[in-house]
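The following blocks contain the structures, represented as structure tokens.
Next come two complexes, and both contain chain A; in the first it sits with chain B, in the second with chain C.
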Partner chain A sequence: MHCRTLYATFRRNFIIQLRAYPKDFFIGNVLSAIYTAVSAFFMYHLLFNGQMKDSFAGYAGTGDYISYVIIGNCMYLFMVRTLLNVSRSLITELREGTLESLMLAPFRRVQYFLGNMLQQTVTTSGEVAVMLLVCLPFGVRFSGFNGLAALIGLALALVSYFSLSLLLAALMLYTRDTYISQNTLFAILFLICGVTFPVQYLPGPVQWLSQGIPVTISLDIIRNSTLGGMTAAAQIGSYVRIAALSAVYCIAGFLMIKKVESAALEKIFG
Partner chain B sequence: MGSFMKVLKAEMRKQHKNYFFNKSIYITLFIWPLLTFISAYYCYKPFRLDKIVGGLDYVNESNLVVFVLIGYLSLVFFRCFVQSAWRFSMERTFGTLELIYLTPANRLAFIMGNAVSSLFESIWLFVVFASGIFVLNASAYNIDMLSAMLGIILLIVLSILWGMLLNALFLFSRDSSFLFTVLEEPMEIFAGIKVPAAVFPIWAKAISAVFPLTYIAEMLRRIFIKGDGLVQIKGFVLISILIGFAILSITILCLKLGERHAKKTGSMALF
Partner chain C sequence: MLRAEHLSKTYVTTDWSGFLKRKKSKVEAVRDVSLEMRGGQIIGLLGINGAGKTTTIKMLSTLLQPTSGSIDVDGLDGVRDAIEIKKRINMIAGGERMIYWRLTARENLWYYGQLYGIDNKQLAQRIERLLGMVGLAEKQDIPVERFSKGMKQRLQIARGLINDPGYIFMDEPTLGLDAAIAKELRGYVKDLACKEGKSILLTTHYIQEVEELCEYVYVMDKGTVIAQGTPKELALLGMENKVLCVELHENHERLHRSLTEACQSAERNCSIIWDGKNMAYTITSSKDLSSTVAKVLLEQQAVFKKFYGQEPGLEDAIIKLSRRDKDGFFYEGTEGRDEKTA
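The block that comes next holds the complex of A and B.
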């Protein structure tokens, strides 16, 4: 009985997804996966004949560039999807005209967002699985895979993306803009969080900034557990760090949403 | 000719008013390409530039930024037209396309106006970037001015023609937005923006031959980095002119076929 909001949101979103947007996103994703893989493949094998700087293996924890980039992109997809679905949920309700009725119901915010989150995680996991499958011929190899460490890492990564998306949700609802804020944020995160290259190549101050964003840590953890073969015990420090950061983002996000929500309602219905 | 210019001007003005109503457009026009460009630049960092293959040994740590800059600058030019074409497809949904087709306005002038207005949106960006190139490349001022001018003119003309072709293609169907997905990302990969087409396998070379951007980007790189003169780039110039004519003829054909199709089915706004 306690999870009614969560379950209802979860189910409703699945129905929307299956009926309103059948395969478009899916095809788009497979295509982007192929483009990413082709691009990395060309760069590594054709343009540079596999000649990396010695520093790369040190920074990345692996010498396998192709796997490094593709795993980075898979996690980036998880992040983008979480940010898109959770952050946009309220503003989508606003646009579709359901926000008013939603606000009239005594719904639990946490469960509502978690329901959105769970639904999109299930869908995205399917997409990522297909992406990895498509990328196999291009040379993705999990050279050092530690199942437990990866699982804990993925769970913590998702929590951290969730916390980030709450902040974005507040911003979106406040500015009532999704297009500019989300795409600018995606472009910045892509640049500074080490999706396709180690953050150590960036200038010093930007590196500090990127260490304050949980996305960077989540990428490190996932790569260390799938390519570097690090055990869960060896990564406790990173786990604690990402959990602490997520907690801070989460609290800030919920506080801001509470504040913005009333302002948004006033603006729309007032 | 007078009426052609009138339609051209009117359409340009309309587009400008439609999309420059607030300052946020500058974020999409400047900040996003800038962030993409910086990300692309850092992608080269893990590699050993001295081991680069494919006749690109003129690239080194100091001119890498110019190398990437020229590629992305040309890409921005062409990409802004893909976006203009996508917005153009909204004319159909809004019903304005139908109204325009009821007037005796020259169709070619209409889509040209649409494309040119996008060009003006990105031209100030071009100035910023281009001065960047000159500042960064100040040590190696052996650029042949005549070929530089020619290269820039070809970049502008071909990107406008490319934009017109896309606009014309979007006239066919309301569902042509898939073209957007198909043309946006592959253009970046296959036109040799990050990895020059010279090192591609044969199948990828075949794809890259279709995009005019391939020739333009390579030509501009040779002019601005290698310091090639008119003699060395004449092959690129010739190909660009040929492609330009081919694109223009296909555009005109598409316009005629598109209108005939619409007249026959009588459904300008819907399908």
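The block that comes next holds the complex of A and C.
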């Protein structure tokens, strides 16, 4: 299979990002890492006085709140960046005046979206590395780290974020709106997917809803692999669940994009 | 050959009349349009703003699906074989769209070449050739955002040729360019058709471009083709009266009386306008009065600088054709139209 659209889009985005935000981007990343670490540190020590309810350790699988929050934030960053970059890609082309020329070409949509995602994943990995380094002095520890389980978990998490972003892309393209749709979704996901606290503290129906979103499962897998010391074999059930959910979202996303694309093009070019 | 038959496009628009109330309405943007493009031909698609030219081009270029009608490109179906057709067509638009400003000229062409799946070796050669052709070889590694408007437009042409298309749709390609660059671009367009055998469909508001480049023209109004023919044939459609001009060296009292009498006896409703400042007569009539006027000039031994019949203009023809309704009457309103650009 030729992946020329994937590689070309990956390379194009890298060049554009390097030319557009060379220094500001790095400074912004370091600052957001410091902000995340400091807020978790102060919450834990000043608000909670270093004490967590017994139920927290039971739900989270660890009593280490700072590591729990920081790992949650790192994965949230991967999710936001993937969703932003993949979902907004066509709208960005429209705003930059390149959508027509792009749509004239006989390229593969899946490769185009994957190219956008991979470039963003590489950049976000750098950001997360910086974030973890900055957070080390504040007490982040990988108390039970299983490399293989974490690696498989990260790969599945990225696939699930990609599939979620296809649905959002269809919605954005149809409404031609990025701000309301993306920010509403991010706020909901932050609240119900267990980024900063276990979902078991949420009301029953919301917990049920959050289990239908792959982000919740991805956070569980990564935390179990980095803090809980669970092996890949022990997490097979979670891997299957996230893969199945991702497949559903992915198929639904592509079907929706296919349907929405022609309607959106009529709205845009008509 | 590209052949479009009975193309129509209807948009469904939704108007929100309240928080929850919505009203759907249909807008017929293009109605029953048929046209043909052959290799090496430059075809003009003219009309005032909102006539349906751009929607027609978008359908021909597979960006929009027609509501009804068919498009045939070298035996391929415009809807069913859209992916294959995309390899054989391209579009060049005016303005500064369709290229990535943060990429260099070379990077832009490389990226589009990859999207078209062109073989890497062939792509490298084609990029060299196209950059040389549009005069950007020296500037190929400068980001496009630093380019002038003319350079961006030249890059647009190169981008539109990256897949070596047989059919090129040009939507106002010289929009906003100065006269020298516009002339240079017209040269490229001519060469593409004459030397490379490309088939080009051109929409423009600059009539000079059409007269210089197009061998056949379709005139659209209110979504439909209202006239077609060569630029000369169309110009004659707009010429309802014959106009004669006589420029004199000096004022000639007797000539004025004789000319008026002779012309009015030949055609009662003719109009004779004397421009004292330029010492010139403009005689407008439904009949050809050139022999009558020549006879009077000889009889009165009038010495004249120039005596000529005014050539019919394509611009006038298009304005007149676009103002005529289906029963052949002119209308006065300008609803939804931009008179200045017409």
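Here, the second predicted complex is superposed on the first by the 269 of 270 C-alpha atoms of A that agree within 3 Å, B and C clash if a C-alpha of one lies under 4 Å from a C-alpha of the other, contacts with A are read in each partner's own complex, and residues count from 1 in each chain.
Convention: contacts are C-beta pairs under 8 Å (C-beta built on N, C-alpha and C of every residue); 3 or more make two chains touch, one makes a residue touch a chain.
As the structure is a computational prediction, the values presented were derived from the model and not from experiment.
S.K.: Overlaying on chain A: chain B and chain C, fit or clash?
M.R.: When both complexes are placed onto chain A, chain B and chain C end up side by side without any clash.
S.K.: Could you read off the angle at the CA centre of chain A, spanning the centres of chain B and chain C, to the nearest 10°?
M.R.: 90
S.K.: In the superposed arrangement, which partner chain does A:Gly97 touch: chain B (first), chain C (second), both, or neither?
M.R.: A:Gly97 sits against chain C, while chain B stays out of touch.
S.K.: Quick one: is A:Tyr65 in contact with chain B, with chain C, with both, or with neither? Answer first, second, both or neither.
M.R.: First partner only.
S.K.: After the superposition on A, what does A:Ala8 contact: first (chain B), second (chain C), both or neither?
M.R.: second
S.K.: Classify the contacts of A:Ala233 with the two partner chains as first (chain B alone), second (chain C alone), both, or neither.
M.R.: So A:Ala233 meets neither chain B nor chain C here.
S.K.: Which partner does A:Arg19 contact after superposing on A: first (chain B), second (chain C), both, neither?
M.R.: Only chain C is touched by A:Arg19; chain B is not.
S.K.: Touching A:Ser262 in the superposition: chain B (first), chain C (second), both, neither?
M.R.: The answer is second: A:Ser262 touches chain C but not chain B.
S.K.: Please work out whether A:Ala187 is in contact with chain B alone, chain C alone, both, or neither, and reply first, second, both or neither.
M.R.: A:Ala187 contacts chain B only, not chain C.
S.K.: After overlaying the two complexes, what is the shortest C-alpha distance between chain B and chain C, in Å?
M.R.: 9
S.K.: What part of chain A is shared between its chain B contacts and its chain C contacts?
M.R.: none
S.K.: For a test of understanding, state which residues of chain A touch chain C in their complex under the given definition.
M.R.: Touch list, chain A to chain C: 2, 4-5, 7-9, 11-12, 15-16, 19-20, 96-98, 100-107, 262, 265-266, 269-270.
S.K.: Where on chain A is chain B touching in the complex?
M.R.: Within the complex, chain A touches chain B at residues 28, 31-32, 35, 38-39, 42-43, 46-49, 51-53, 55-56, 59-60, 65, 177, 180, 183-184, 187-188, 190-191, 196-198, 201-202.
S.K.: Can you name the residues of chain C that touch chain A in the complex?
M.R.: Touching chain A: residues 9, 11, 29, 54-55, 58, 61-65, 83-84, 86-87, 89-91, 93, 95-103, 107, 110-112, 114-117, 143, 159, 163 of chain C.
S.K.: In their shared complex, at which residues does chain B touch chain A?
M.R.: Against chain A, the touching part of chain B is residues 24, 27-28, 31-32, 35-36, 38-39, 42-43, 45-48, 51-54, 56, 181, 185-186, 188-189, 194-196, 199-201, 204.
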